[in-house]
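Take a look at the structure set out below.
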Amino acid sequence: MYRIPEQNLDRLFSLTAEKSKLYIPADTAAGTAQFMPWKEGLKLTDAHNTVRSAKDFFFPQTENLVGFRVEGKSIEVIDVREETEDFVVFGVRACDVRSFSILDKVFLADPVDTYYKNRREHGTILSLACNMPEETCFCGTFGIDCAAPGGDVQMWQTDGWFYLEPLTEKGNAYIDTVSSLLEECGGEAAAECRRAIDAVKKKLPLAGLTTEGFGGDKMAELFDSEKWGELAEACLGCGTCTFVCPTCQCYDIRDFNTGHGISRFRCWDSCMYSDFTKMSAGQPRLTQLERFRQRFMHKLVYFPANNDGEFGCVGCGRCLSKCPISMNIVKVMKNLTEGDQ
Amino acid sequence: MQRIGVFVCHCGTNIAGTVDVKAVAEALKSEPGVVFSTEYQYMCSEAGQNIIKNAIREHQLTGVVICSCSPRMHEATFRKTASAAGLNPYMVEIANIREQVSWIHKDMKAGTEKAIILGRAAIAKVSLNAPLIPGESPVVKRALVIGGGIAGIQTALDIADAGFEVDIVEKEPTIGGKMTQLDKTFPTLDCAACILTPKMVDCAQNEKIRIYSYSEVSEVKGFVGNFTVTIKKKARYVDELKCTGCGECTEKCPQKKVPNAFNLGLDNRRAIYIPFAQAVPKVATIDADYCNMLKNGKCGVCAKVCGAGAIDYKQKDSFIEERYGAIVVATGFNPIKLDAYEEYGYKQSKDVITSLELERLMNAAGPNGGTLLRPSDKTHPHTIVFVQCVGSRCDDGKGKSYCSKICCMYTAKHAMLIREKYPDTEVYVFYIDVRTPGKNFDEFYRRAVEEYGVHYIKGMVGKVAPQPDGKLLVQGSDLLADEQLRVEADLVVLAAAIEPDKTARSLGTMLTASMDTNDFFTEAHPKLRPVESPTAGIFLSGVCQGPKDIPETVSQAGAAASKVIGLLAKDKLTCNPCVAHSDEMLCNGCSACEKVCPYGAITYSDKEFRGPNRTTLIRRVASVNDAVCQGCGACTVACPSGAMDLKGFSNSQIMAEVDAICK
Amino acid sequence: MNNETLIPQIVTVADVRIDTPDVKTFRVLTPDGKKPFLHKPGQCAMLSVPGVGEAMFSITSSPTNTEYMEFSIKKCGCLTNWLHALEVGQQLTIRGPYGNGFPVDTELKGKDLLFIAGGIGLAPLRSVINYCRHYRDRYGSIDIVYGSRSKDDLVDYQEIISEWCGTEGVNVHLTIDREQEGWDGHVGFVPNYVKELNPDVSKTVLMCGPPIMIKFTLAGLKELGFKETQVYTTMELRMKCGVGKCGRCNIGNKYVCKDGPVFRFDQLDELPDEY
Amino acid sequence: MQEIMKKRASELLLDGTVSRVIGWKAGDFVYDITPAVFESAEEIEKDFVYTAFCGANLSKYLVKESKKPGKTLVFLKPCDSYSFAQLVKEHRVNRDSVYAVAVECRGKADVDKIRDCGVKGICGISEENGTLTVDTVYGDKTLPLSEVMLEKCASCKTRKHAVYDELLGEEGEEVADCDRFGKVRELESMTPEERYEFWRGELSRCIRCNACRNVCPACTCEKCVFDNDNSGIAQKAAADSFEENMFHIIRAFHVAGRCTDCGECTRVCPQKIPLHLLNRKFIKDINELYGDYQAGADPDTRPPLTDFRTTDAEPSIVYRRGEK
Amino acid sequence: MQVNNTEFKPKIVAFCCNWCSYAGADLAGTNRLQYPADVKIIRVPCSCRVNPIFILRAFQRGADGVILCGCHPGDCHYTTGNYYARRRMTLLFSMLDYLGIEKERTRVEWVSAAEGAKFAATMNEFVQTVTKLGRNRKLEDLRCRK
């Protein structure tokens, strides 16, 4: 365990940024928090969490996959991939840290997505325990402990100090690069902080939410539930939940004619969009009901079915606070299991 | 994937002088879709056209780009060329490298570069062209003239003369319109009835002309060449076929206190009436508002005296549906109501009258048998004041902003006639300007001033105050003398502005013919197509299009007729294939396109669509009538969903051109 | 850098064959004249024209064909329209192979096979049929029931007549929807024809065709005593990545591009009814 | 108010006047209210709410619901009623199958603004006489409603409804001192560089989730041009700043003259982009150049972009702007 | 971005209505009135055919200026087209200005078929204005940059 006083945070940032790119959650002009590349003077946000999740670091909203040069009948393939620089992300919450392992299960499964892998290998995650979780937080439901957030280095902020505990090799390597600013210490303060957080966690309104009734074995009964209609009724079919979600990873591959070539890029897509599965021959998910159901079934049933029971949600609560119509996974879970209790 | 041929024209040295045509042809060869590219001295020459035709056949071209002069010059030529070689003519695009390149740029390098870019844009466009086939629609060989005034009469006679059938719909019991109420006409002072009534009779006797009098248009459907019109024949309670127009009934009718509309209420007529002696058709009409029999079932005198048995109290409005190829609007005008002009005392004094009322007072068939007497006490007026521009050129909101055009001349006419007939009468004319642009018009006005001693005073009348002694105190200013004037007049005549007939607005809506804010019909082009409405198949005749005098009206009527004849002479109309088209799957039914269409080419209907899970959805969708659409594209931009697109200039085509140019 | 599955390779169209009014078969080769990659019968590949689109197509040539790869493609959208207009020599991009393919070396081995296809549905089966013909001794009898709207709409008609019909132990049963001049074969819909043929219930069925045909044929087969575990089909859904990541082709927890496109009907039964 | 509405909705459902009711449904945290369709008095009794957090404009749901058999009751706040009227005007909603109930509104609260006041872990909120009492995981707090209102309510233009079949509560007045163009004017008075920086700062946060579009009662296209691959301008996640600009400019242009300024776009934006400033710019320009126009205010007038005067200002008026 | 030392040549897209302005451009050509080759004309039936999308598209693809020419108000071949175009473009330009994009990059000019000289003068002036502004960076799509 290491520690650094809060007032030295800027020096930590500055030293980190000397070695690699550093991102910290900071406030935008509109007061929303967002990961930004650190530069002199940028301050860590007071907000609990960022609007966009940290998945952007490994799975950005758009990225070029490949280029083509077309001339007459012939085509030339241009590999546009570049080696990623090392980067450090400071202050990732436990929920987002867990989301990386969920994304790993998709992108690192055979065949490996090299774009993702490349970024993943170059990123070091410094997580930060949640001293003041929001009412929308329910990471505990999925067995995530926001008092021990994980990542390459996990951190606690308490009594004017940041406590750092490296968990991985990358974490140790990071600690080495900034060791000049750190002092070694015992784990008592962090343990005290963890206890305090544990006490808060119990008070959270969603503390009692469980995954009972969901999982890979509940496919048929949940799929056929009559409640989907009512739940999906008001859904606007926008992609807000998907795009703020740290685990949503559906994407689209599109071609863009730049005038001097074709750029093939991928971009986030949303299963909530009406054209997501539309093809010239037909549309398997005809109404918003099917699309809405797909998203939640995927997180609560299909994903666990394929991944040893691990759910595709990390309880970050972003969809709870951002859905334009306040429909979200918690309401879905409660509603679907309403009769069971 | 198209197979595109590129043909670069040298135009002698016109193009080749500043553009390296060989380099252009070579550069365009490698554009996507191009399978053939060549250049030649004169592409428009027969030899040049043969090169194109041969290439189309040899290389199975599906699109042709010609880099040459302006498409305004030879687009039609090259389309015909393509057509002759079996290629759809709309698969031809022109890159204008003469007017837009060689003639304006001196630098060979820059010119060549630009020519290549323009060629590329044309190739990009033609790659997205689709073969277009102009539609055809049949023409119903019958015209409808709405309004039976001098404009309508003249139009109908000219159309009938060319051998086409024509119907006149007139809302009054007789045709003839405003001109029947006039006494003499300027600048020749010949009697209006003498020149008009023969034409009315011609109409009645012409077997190609059908007159629907006392009738109105109640519905119009269809489009150019193919209108279906519903005409409402108002009940006149007299069988037109039986009535001989003997007039017996109009003399025996006990209801004598009906204001005579023909004389503008200056005298009375009976409840059953024939408007005037030369009415066409000369058929009696019962005024249901006054007829005792119709109001309370007591009377029946006319039926008793009618030898022909033509009276039918049970007659109802009837509706006739008829098909027409063309419609002429000749709805004419009315003087505006002067109630708002309190300062002129029109409502307060019977001796303040309008010019049209003066026409009746002076007319031999008028209330006083042609003797000019004051309406109030039937005495001879010795001082008469004319006030010009009452409600014309007026920005105060009470009147009209435009010039009514005819008032200057008819006032000069009135003044002159009065001075001639009653030399002891002093005549004053208050005017803003005297406008006399017309053949013999200024001479006419000068005669009024110089020969007849009419007092023309530049200035406006501030107030007309009725005096206890029956005189009218006219207060006005003389701007030239810069003094206030007070004239004690016996009669004041107001030159009321004229406005389009009240029926025009609703008719315009029915015809989807556009109108200006004053309810005058708009012409398709103010200079070049003055007698056509922008709505195809609708033509304009007379004052409904804007104020004009009789000679102008008659010439416009003739012009409208010739346009109608030109249309009816065709068996089929070929439609411009570059028209808008609505994709029903994308259409929201919001009506934005309909609102901006100047031709009324867009209609909406509820259609059934397949919804999810075997449901049926009913959606309101737009459709474009190819025969009516002129292809301006206003709708395509009004449409937010992109459902409206324009064939030949589609969104994707224009964007492809943009892309090619900006590349 | 690692080999990335989303980066395609180039192939050149070496031959275009017109099969039916709306189906063409494209033969593709790498620029140096080779077959682009090895595949199993029933697998697919992503073909694309850069700037126009990319889509998944069944590889219709047999894996036993070592010279080239073929795709039979029906004209039905933007990309396929474009493909139908192209000329020999045009280059395309290809990536794959994707999907599981038919279990030709395991579950199907030694079985009597009944192929049922409708319309363009023959395309994915063609590769299996030719594979089985090539390794004729590994399988029992082969019956092929193939139907289309009309004679002209029968894909690969020439190959069926000249090669399949001549292979020993292969019985071809053709049918068209409506009577047609110059057709003396069977007339009627595929499901009914299957019932008429009354195949032995020991056969293993491989089926592909329009959804309506699959639905009724399956019902018919069940009536005849077939079990769902005996019937295989191959599916088509919208795909983008081809590797089970982009998230659009899943039915329940299965990705058609990765876990499919070949499914046994008992497997499909366990999945939500969303295809 | 809520009880009156529940009673009336139940009555109308029971007597068969309406077949369904579009209203707001309670959530878990008081503020997370969801629009919902209620089909029985029991459902109304159980879940219907009308509180300071019922900001959602329900009119857009009528595009779908009004096509169902029977009448649909919809509760409309004053601003919502304009959206409704505009939808009727554009034939998107069948007026005859809607029973519009106007409800009074004194402004709705924005939970994000409450959070911006430093409130964390909200468990419950109660409102009394314009004061909100917030119960949080970390203790209670009180806030005046007026300080945490949604942007659209803070700049409310009118508390009077455009159209309705029945009114519950009291009809309000136009807000005389509403200065909804204040921020637009402020931007206009900046230099182009400042404006550019401002908008890049705002729009660069856009994640193209389409929430603004999908919630917008003017964006009811069967298929949006941005979703239509054949339109040539289809785009999903914005690839760069151009696409962000393009999407927002074209969207604002497509709703220009039709936008009733209901403020939903700004309310739902997860990134708090002040999208209403784009729409209000168009509204302000239209008012200044072509005469005051309020979309949805009356059924007959032509929307400004499908209308013209021969005396309209030339585009060069923009060119001259800023020249003193 | 490579450094380009040669003189900046703007890309200008001119949308011209078929009936007046395109004819005016032809007349400019017939009279040999010079204007820079940077101007490329796209023929449209009427100024009201020009969708704001086209204008943004041009900027996306690297245009530095876009000008729309139509018949003088009142002279539209289709009677009312340019009146709609006038409103649309006024509002669009105002919005672009509001977003901080140089308003001088966009223009509407009414050019009749007889005004060849005006056409050439307008283009000369517009090219000059845009050249002064330099390259359009605020509304370009970086992907389209060469």
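Order of writing sets the chain letters: A, B, C, D and E. Residues in each chain are counted from 1.
Methods note: a residue touches a chain if its C-beta (ideal position, glycine included) is under 8 Å from a C-beta of that chain, and two chains touch if they have at least 3 such contacts.
Small disclaimer: the values here were computed from a predicted structure and weren't measured.
For the pair chain D and chain E, chains touching both partners: A, B. Of the two chain pairs shown, A-B and B-C, the one joined by more C-beta contacts is A-B. Distance from chain E peaks, on a Cα-centroid basis, for C. The greatest centre-to-centre distance from chain D, using averaged C-alpha positions, is reached by C. Taking each chain's centre as the average of its CA atoms, chain B and chain C sit 66 Å apart. As a whole-number value, the distance joining the C-alpha centres of chain A and chain C reads 39 Å. Between the CA-based centres of chain A and chain D the separation comes to 30 Å, rounded to the whole angstrom.
Taking each chain's centre as the average of its CA atoms, chain B and chain E sit 35 Å apart.
Shown for chain C are the residues that touch two or more other chains, namely 78, 87.
In chain B, 596, 638, 651, 655, 659, 662-663 are the positions where the chain touches two or more neighbouring chains simultaneously. Within chain E, contacts with two or more other chains are made by residues 52-53, 57, 61-62, 74, 80, 84, 88, 141, 143-144.
Chains touching one another form the pairs A-B, A-C, A-D, A-E, B-C, B-D, B-E, D-E.
On the side of chain E, the complex with chain B involves touching residues 11, 13, 18, 22-23, 25-26, 28-30, 32-35, 37, 40-46, 48-54, 57-58, 61-63, 74-75, 77-81, 84, 88, 120, 144. Residues 585-592, 595-596, 604, 617-620, 638, 640-643, 651-652, 655 of chain B are the ones that touch chain D when the two sit in their complex. Here chain A touches chain E in the complex through residues 256, 258-260, 263, going by the rule given at the top. Of all the residues in chain E, the ones that touch chain A in their complex are 61-62, 141, 143-144, 146. Taken in their complex, chain C has these residues touching chain A: 1-10, 50-54, 76-78, 80, 87, 89-93, 236-238, 240-241, 243-253, 270-272, 274-275.
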